[in-house]
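One structure is given below, encoded as structure tokens.
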Amino acid sequence: MIRLNNDYSQGAHPAVLKALTETNGESHSGYGIDDWCEKAAQEIKSHLDCPDAAVHFLVGGTQANFIAIAAALRPYQSAVCADSGHIHAHETGAVEHIGHKITTLPSPDGKLTAAQVAAIAENYWTSPIREHITQPRLVYISFPTEYGSLYSLQELTDLHMVCEKYGMYLYIDGARMGYGLAASRDVTLRDLAGLADMFTIGGTKCGALFGEALVITNPALTPDFRSYIKQNGAMLAKGWLLGVQFCALFENGLYFDICRKAVAQALQIRAAFAAHGIPAYVDSPTNQQFVILSHKQIEALEEKYVFEPDHNVNSTHMCVRFCTSWYTSDEDVHALVEDIEKL
Amino acid sequence: MIRLNNDYSQGAHPAVLKALTETNGESHSGYGIDDWCEKAAQEIKSHLDCPDAAVHFLVGGTQANFIAIAAALRPYQSAVCADSGHIHAHETGAVEHIGHKITTLPSPDGKLTAAQVAAIAENYWTSPIREHITQPRLVYISFPTEYGSLYSLQELTDLHMVCEKYGMYLYIDGARMGYGLAASRDVTLRDLAGLADMFTIGGTKCGALFGEALVITNPALTPDFRSYIKQNGAMLAKGWLLGVQFCALFENGLYFDICRKAVAQALQIRAAFAAHGIPAYVDSPTNQQFVILSHKQIEALEEKYVFEPDHNVNSTHMCVRFCTSWYTSDEDVHALVEDIEKL
Amino acid sequence: MIRLNNDYSQGAHPAVLKALTETNGESHSGYGIDDWCEKAAQEIKSHLDCPDAAVHFLVGGTQANFIAIAAALRPYQSAVCADSGHIHAHETGAVEHIGHKITTLPSPDGKLTAAQVAAIAENYWTSPIREHITQPRLVYISFPTEYGSLYSLQELTDLHMVCEKYGMYLYIDGARMGYGLAASRDVTLRDLAGLADMFTIGGTKCGALFGEALVITNPALTPDFRSYIKQNGAMLAKGWLLGVQFCALFENGLYFDICRKAVAQALQIRAAFAAHGIPAYVDSPTNQQFVILSHKQIEALEEKYVFEPDHNVNSTHMCVRFCTSWYTSDEDVHALVEDIEKL
Amino acid sequence: MIRLNNDYSQGAHPAVLKALTETNGESHSGYGIDDWCEKAAQEIKSHLDCPDAAVHFLVGGTQANFIAIAAALRPYQSAVCADSGHIHAHETGAVEHIGHKITTLPSPDGKLTAAQVAAIAENYWTSPIREHITQPRLVYISFPTEYGSLYSLQELTDLHMVCEKYGMYLYIDGARMGYGLAASRDVTLRDLAGLADMFTIGGTKCGALFGEALVITNPALTPDFRSYIKQNGAMLAKGWLLGVQFCALFENGLYFDICRKAVAQALQIRAAFAAHGIPAYVDSPTNQQFVILSHKQIEALEEKYVFEPDHNVNSTHMCVRFCTSWYTSDEDVHALVEDIEKL
């Protein structure tokens, strides 16, 4: 079987594993206070114009999301996200568990618009009974989104402006950041650092065994951040393992190279579906392709491929996900493209 | 000005105040362990077929709602309610603050259907990744709803059945219970006690200075409930004040009588609007009437009446609330009816 | 039986009840936005030199304590208090429930010293692993303490200085503030307002049916405070009931007068025990007297008096509390004094 | 420099790293639903008599501790531990952050006694005001303790009995379980499984790159446990990495062998200090040795060794920790032994 169901079903990129192996005998201070984490932070910051940004390395994405939100919000403040937002739809109420409401906004393509955000902020700040509702204080978006779609630089700038206007933080979940940057026509890490207050750079889905880098550019959010990490059980004892991996990924641009390859593969798959008249559920330029297949088409493809059911569209069709990754082979992609043509 | 904006803008019914005055010199044990609370609980239970029900008296409705939910849910479990549900829309994220997600369902009239609840439960229990989403475990409804509408006995029975099927608690917020019972054609307190796991009987809006009775009929939810009350700062030091008030309200059926009067008044107002061709936003048989007025009509009525804006319908019309209560006078109602005819 | 077990076993002072009765027919806006609350806040502020202080009225003390702490602390910050502190010993973990550790310090008389606070702050700020421990950020003291003892102006000033030095808030629980001020030789409300960031003025135990005034003098703690109140179910719908009561208590100095009387009575009881050689557990100049009685003495007094067991001292003696209040009669005190002499 | 400051400053045992390398190219389902986790769970269960035990693999110890406690307690319930307990002293209030009070008991050697636990439970259950205090519901102990000391089988049995008597869960933090089992004269994993409701088997400090196995033997605590894991951001995307490591550690008894070696080394160090008249702070039979050194002795040893300051004993002496581990070399131990003799 050819696995195209997700981008986290294999271990690490060989270069990452090699780095872990080579450094295995070294001794380091624990809890992320070590040379490797320091070096990895510098590597990441070399892509930004934020010399004072704080970079923390965490094991997982849910962890990074709720800890960042815990550090940003007071108890009566809430986060705003698309109804497909990972913090709302797939994290078992982690944000609510630490005490914050999430206000969701409808989004057919996984993206929020500045106008939507402005409307919810305006509603709060003009409400005569605003003590009875939560204060929207943080906007959560993902880049790319859960549906693979991407914000343009203009869209991000608009979101940034509306956040600034209403005193809201902009947080960007970059679990698949590498694929997003590879696919974007105009957005760079430098841009994100200038527009977001915090964002993550995902390792788990982009070549690492595990690990997410959380970049905090807003100095109001940096104090005592490590206390939040420890309090939530997210301070890895052998913290240098994260630094070592991110060094391996960011030295020589490996991170960008391997994601670029996966995006190119995904576009081949997208083109094959399109050429065959199979509709995309959302227009995605990244490594995730959501398409609407008939049950018969699904049965045919299931013989050779593992892909992921997303939701039923109607009684005869389903939306499913095909996902490439840094470890997807060209052979597998070509096989799929050929089989799509035969559907 | 004639105030018809809400049902909590005056003190207590004279009989309640009289009872507080007469008992002012008595000495009692604190924290709700006293004869008056015991007597009030018995009065309430005389309306139910649940000799083992627990009855707790709390100062406010938000308090009662979130404490009941805190006692019912484990951290990964969520409450389900209509998008107009008070816990979602008007309690500053109190439920999320104590750690639980609220899943909202669209409802044009403030009511949930059994089918909606079944769908969300079914979705959870059939999900292959259910550890990634919260478990719907409690259904919150209000009787009457925030829009004044009422569930029929059949609708409540259907909700009860679906809750039983999927292992969910049914919680009924009865902040305006007196008006609901007065208006209902077929639902009694006895029915509610048989169908709900917990429900409140509102005092604040129905004749008391303050106070809500929380009735717990499901024995799984009764243990150590007073610990939840104290932990959340809701254990009134002079707890007998609540018992005294509920005794005054439930002796001789005062609670039902005064609410019945208010409902009759509301129906006069409803009839006047209808006769004049002014549409109701929601069909309400209770003391709250939501109607859609033009800005010009609003201006005309605002000269003599205080009523509550709810939301803009379009650029020329607004939905507003007229609310009668135990203290509304017939004169005021007649005046309004006459003025509606002149619109 | 003569009840001297606590100071919250009767209703309201007649003047408070009269005010509630006289205003019962008035109509007011809900949720504490009304003329009475405004007037009561002004009355209280007339005793302070803090024109910008915020005054909020809450129903109960546990409520006031944990909401104030919720507004003051970030998740990784903790409160410091004496091991007899009410938030630690008698509030069912309310502070921990909203997420904050309480660090307790040993105190034989219920008081904290500035040196104790300095030591714990110093320990944190010099710790090489301070991300692994909570940051002490708020000092909770009670005035008078749970054992009836009082801080002198110098002691409070020292605590204020140490808080300032280490960036900590000073919060004073004044559930029995009236008795404390009546007994203190040198502390006034004006002093407290100058030294504390927040403090409460208790109504429940000092003449009100219920109610605590929370005074916030630190402007960093005032924003959106009403959102915290609502979120925690502590916003009384008929908020003016609190304003009315505090107006009645503070007009003409009633609050101070009735507490002064109770303190004088308590000192008579203290003198009687001392004259009879019965040791005080803690030296208290306020309305609570903790004495160590033999089981035989307890039996003798229990025939006529209700008083409160506190803890066993040894196999033959127990520490018990006698508590006067605004409603204690001179006759009852004289009777007790005589009976002590007969022990 | 020779590092003897802790047992988590190196990567993984070579066998663990080898297993990770060999499996790096495999594809697996995510989130711990994979063959390796299943196999590792079976390996661990082969050491127990609990066929129905649940075994979950988590990345870190703080994580395991607070999630286990979150799953065990209702909001008004508290955990009991020694004042040196890791959850109290070194986890930044993680347990309080999720809402639970920790009640600490004094312990000079890091151990709790059954009598201490009984006293606190008795105090709660006999209290007339128990709604005002938290219910002790879980006993947290560590094996070995934070000071390296060990419970005997009898002591554990006594704790188990007292927990059973008062309806409390017994939770054992086994972050250094391997060293504890290697050092114990009479306690086995089988015993722990029979006596505790939940316990962890630490990997991070015992040969793994990272990872703790949480064993739940009490069926009341198993339902939906994975939801707690996900909610708290502790569900590793590539969960098989944990299974692979624990398989490598438990196959052929590697886990026990490498810890046994480290304990033998620690005992050599202990003997050297004792022979030289240097007092141990706590009598420890495990890999952590706490001794009291003069500042001069510390200076002398600091030239060649890294060890950890614990606390000041007086103005001239300090308690410090020497810690062996699976990667400590015999050469280093011999060097230290010789240098101790020269002190």
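Chains here go by letter, A, B, C and D, matching the order in which they are written, and residues are numbered from 1 within each.
The rule we apply is simple: a contact is a pair of C-beta atoms (placed from the backbone, for glycine too) under 8 Å apart; a residue touches a chain by one contact, two chains touch by 3 or more.
Because the structure is a prediction, the values reported are computed rather than measured.
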Measuring centre to centre with C-alpha atoms, which chain is farthest from chain B?
D
C-D versus A-D: which interface comes out with more C-beta contact pairs?
A-D
Chain centre separation in whole Å, for chain D relative to chain B (CA means)
50
If you average the Cα atoms of chain C and of chain D to get two centres, how far apart are those centres in Å?
42
How many angstrom lie between the CA centroids of chain A and chain D, rounded to a whole number?
34
Hey, what residues on chain B touch two or more of the other chains?
75-76, 91-93, 97-99, 131-132, 134, 227, 230-231, 235
Which residues, counting only chain C, touch chain B once they are in their complex?
3, 6, 8-12, 14, 17, 20-21, 23-30, 59-67, 91-94, 97-98, 204-205, 209-210, 227, 230-238, 241
Chain D to chain B touching residues, read off their complex:
31, 70-71, 74-76, 98-99, 130-132, 134-135, 224, 226-231, 235
Quick one: which bits of chain C touch chain D in the complex? Just the residue numbers, please.
75-76, 78, 89-93, 96-102, 129, 131-134
